[in-house]
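In structure tokens below, several structures.
Both complexes shown next keep chain A, but they swap its partner, so chain B is in the first and chain C is in the second.
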Partner chain A sequence: MIEFEGVSFVHPTGVKALDGVTLKVGGGETVAVVGENGAGKTTLVKHVTGLLKPSKGRVLVDGVATTATTTAELSRKVGVAFQNPDHQLFSESVEAEMAFALRNFGFSEELVERRVAWGLELFGLTEYRASSPLVLSGGEKKRLTLACILAWDPQVVILDEPTVGQDALQKERLAETIRMLTSTGKTILVVSHDIEFLWPIQPRVVVMKSGKVVGDGRAAEVMAQKGLLESARVAQPQLVSFHGALRSRPTSPFVDPAEARRWIAGERR
Partner chain B sequence: MPAMLEVEGLSFRYPESRRKAVSDFGLRVEEGEIVVLAGPSGCGKSTLLRAVNGLVPHMYSGDYSGDVRVAGRSVKATDMRELAQTVGFLFQNPENQIFMFSVERDVAFGLENLGVPRPEMRARVDEALRLLGVEPLAQRAPHELSDGQKQRVALAGVIAMRPKLVILDEPTSLLDPKTASELVGLVARLRKELGTTFLIVEHRLDLLVGVADRMVVMSEGRKVLDGTPADVLLGEEAEGYGVAVPSITRLQKALAREGLVSGSRVMTSAELAAAVEGPGGI
Partner chain C sequence: MMWLSSGFLFRSGKSFYHRIDPRVKLLCSILMFVCAIIARFVYEIAIVVAFVLGVAAAAKALRRVGRTVAFTSLFSVLIFGLNFFVTRDLESSVLYAARFVGIVVSTSLFFVTTSPDELEQVMKTFRLPRDIVFAFVTAVRFVPVLMLDAMQIMDAQKSRGLEMQKGNVLRRIRSMVPVLVPLVVTSVVRSGELAEAMESRAYGAVPRPTSLVQYRARAADKVVAVAALLLFALTAYSFYVVLPPLGL
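Here is the complex of A and B:
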């Protein structure tokens, strides 16, 4: 679904933000992109949406090079919720914000109405339907941008730091939404510092450092590599550290506290 | 002696809202304490912070009752300019507060506004740059810095004002975990070296367990929990109020209920593993 072939990107200032990235993401995969501030995660995402074009190499989305299509065409396939929601909210009301892209894509009014109602309900925003997006809190704005994207049903959904400003309950709901999207066959890219949020979702994990992909694999494999994580300044999930610190332990780390508790109870017997 | 921060029976309702954002809230923070304020979105944390730095009621009007005193002075009776010398505020996004052409000028900005004499300004800026470890960046333009560096520079600007009380509003939410824990380390260092008092709003409680003296939990405008990190995180109520109890702490609690581990401290992953495999364990 998404292919990076030896992609490098140099900013006009001369800073190399991507350095020979090769990466293949299949349809229906859920991929977390992690790494320290400035590692190139957001630049990577902007190459999928076509907002940035590679200085070297090429990026293909659904088999088509991003240089051979327009960002408008790509946006039908790729929905992205940016880190700062203020960069993408501009309508007079929450409802109009959600309807904007749908009307642009030529959906019927009946479908627009249904999709808007569905999205507002899913993200607990129905009460703000007629309000200006500007009165929403930071966390609510982030949920609105996500609702807008899901409403037009793109094949690829990209979430850039989705948990910023979200409390524990909202994070749980967000994780549920990601699982729901995964089960409907969407391709999902999540860029996040929030390792504790990502861990129970058990995505494929891509580790970035200085514009390069330095780690790539199943969450359990990548998160167990302490040296790799340290060099990329990525924290290890608490339950993985706990698993690693046990003298005798099961092969795979615990996904949640309940699983750890069950294993310990079993060992005691 | 007055406490650094005293909030007594504070209630506040914004004009456009039917519900009180803060309701009959009381809090006492002693000098040099690090207090974390937690609770779900919309619980009134931001309004409370505004009531401490004076934005409420000086910039946001509404129904206000009760009193907030910082170092013994009533916030509602003190003008913002004077308050700014006692209370420092660090925003979630440092881009909201750094904007000058060089880091050094940015850190000096607040002092220039107050008309602090040049030699003293120089000394205070240098000290703040040193304490925050950003001296090498003094001549750089803020927009060239990484997010973590920007957040340190913004905090240096706050510290240069020598506030007695510093408020941090989700200071780590844009930072990667390592950079975030370094920032938390700096908070502990500033408290130790300058005796600064901190009031911190943060969702990522795992970062703060080791440095916070107290955790206060708000729900629907009220204070519902107030105690040491262990009291709050190991207690039975926090999760019900939407507090993000770290996963390893949830495991510790589950094991404690079964009598497998004991102790009244919040443990790290390694400590919990040692306790599980220790005497009486598996």
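Here is the complex of A and C:
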């Protein structure tokens, strides 16, 4: 679905934000991109929608090079929710904000109506339907931007730091939404520092450092490599550390606290 | 957009010209500015512009200042067109357009080589009210931030299917709304937050706060200032007495 072939990118300021990235994400995969601030994660994301074009190498989305098409066209397939919600909200109402992209893509008004209602419900925003998006709280704005993206049902969903400013309940709901999207066959890219949020989703994990991909594999594999995580300044999930500290332990780390609790109860008996 | 407007943005550098006292740099730019105004013929303005670009090159800022020329050439053409339309006088129309380039280039040289901090010091030496100085300097300092915001907003909206390159003029203007609204809103919100943050860091607590940097003109600065004045006198003299009146 998404292919990076030896992609390098140098910002106009001379910063080399991507350095020979080769990465293949298949349709229906859920991939988490982790790495310290400035590792190049957002730059990577911008290459998928063609907002940035590689200085070297190629990026293919659904077999088409991003250089051969426009962002507006690509975004029909790839929905990106960027880090800062204040950078996109502009409409008079929450509803109109959600409808903006749908109308850009020429959806029928009846379909717009239906998709908007669905998105508002999914993200618990129905009560704000007629309010201005600018008066929402930080977390609500963030959820609205996610709803805006999911509303047009893109094949690929990219979330850049989606958990910033969200409380525990909303994070849990977001994780639930990601699982739901995975089950409907979407390709998902989640950029996040929030390891505890990512861990229960059990995605494929791509570790970035100084514009390079330095680790790539199943969550359990990557998160077990302490040296790799330390060098990329990524924290190890607490459940993985806990698992590592046990004298007798199951073969794979616990995915969520409930699983750990069950195992401990079993050991006691 | 970013490319064009950066012609007036400060870019840090270590050249001799960068290190001159900002007040002297202001003097130099004003003198070049005045030269461009008093010049009576196009070729005289060309000499002034060439000189300014020469100084810019010495300050390793030729590309930035050069961008200004590119940016303002549009306005120059407009000035020429309007003048010619009204007066039907080719020579004076070209002169006005060229004069505009001269004015812009000399101003740009000052802003490109003077940091916002230096600007603040310069304004303080003129004893302008502190709030005004602060507002002006902060505005200058936030221009790059604003441009970065604009880029990010455009990225976000393009990712929602906003076409900015296609369509007729009306459509393109309409497509600016989703960019301008967040830009204005974030700026207003930011300025409010900045004000709060500054007041909680005691802005305005005393009428005359102390200053970390005290500018004192060094000998080199004085030499440059005197040289600039002499050169200016010489130029003015040549313009009016020595150089022949060469029209187009």
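Observations
Going forward, the second predicted complex is superposed on the first by the 269 of 269 C-alpha atoms of A that agree within 3 Å, B and C clash if a C-alpha of one lies under 4 Å from a C-alpha of the other, contacts with A are read in each partner's own complex, and residues count from 1 in each chain.
In this section, a residue touches a chain if its C-beta (ideal position, glycine included) is under 8 Å from a C-beta of that chain, and two chains touch if they have at least 3 such contacts.
These numbers were taken from a predicted model, which means no experiment stands behind them.
Of the two partners chain B and chain C, more chain A residues are in touch with B.
With both structures placed on the common chain, the touch criterion links A:A235 to chain B but leaves chain C unconnected. When the two structures are aligned on the shared chain, A:L89 is found in touch with chain C, with no touch to chain B. In the overlay built on the shared chain, the residue A:R58 is in contact with neither chain B nor chain C.
Once chain A of one complex is fitted onto chain A of the other, the partner contacts of A:A72 are limited to chain C, with no touch recorded for chain B. After overlaying the two complexes on the shared chain, residue contacts for A:R173 are found with neither chain B nor chain C.
In the superposition on chain A, contact of A:G165 is made with chain B only, not with chain C. By the document's definition of touching, of the two partners only chain B reaches A:R261; chain C does not. Of the two partner chains placed by superposition, only chain B is touched by A:L246; chain C is not. For chain C in complex with chain A, the touching residues are 149, 152-153, 155-163, 165, 177-178, 181-182, 185-186, 189. Within the complex formed with chain C, the chain A residues making contact are 46, 49, 51, 70-72, 75-76, 78-80, 82, 84, 86-90, 100-101, 104-105, 134, 148-149, 152. If you check the complex, the residues on chain A that touch chain B are 35-38, 83, 137-140, 161, 164-171, 193-196, 199, 233-235, 237-239, 241-242, 245-248, 256-258, 260-261, 264-265, 267-268. Here chain B touches chain A in the complex through residues 39-42, 92, 146-148, 170, 173-180, 203-204, 206, 239, 242-248, 250-251, 254-255, 258, 260, 268-270, 272-274, 276-277, 282, going by the rule given at the top.
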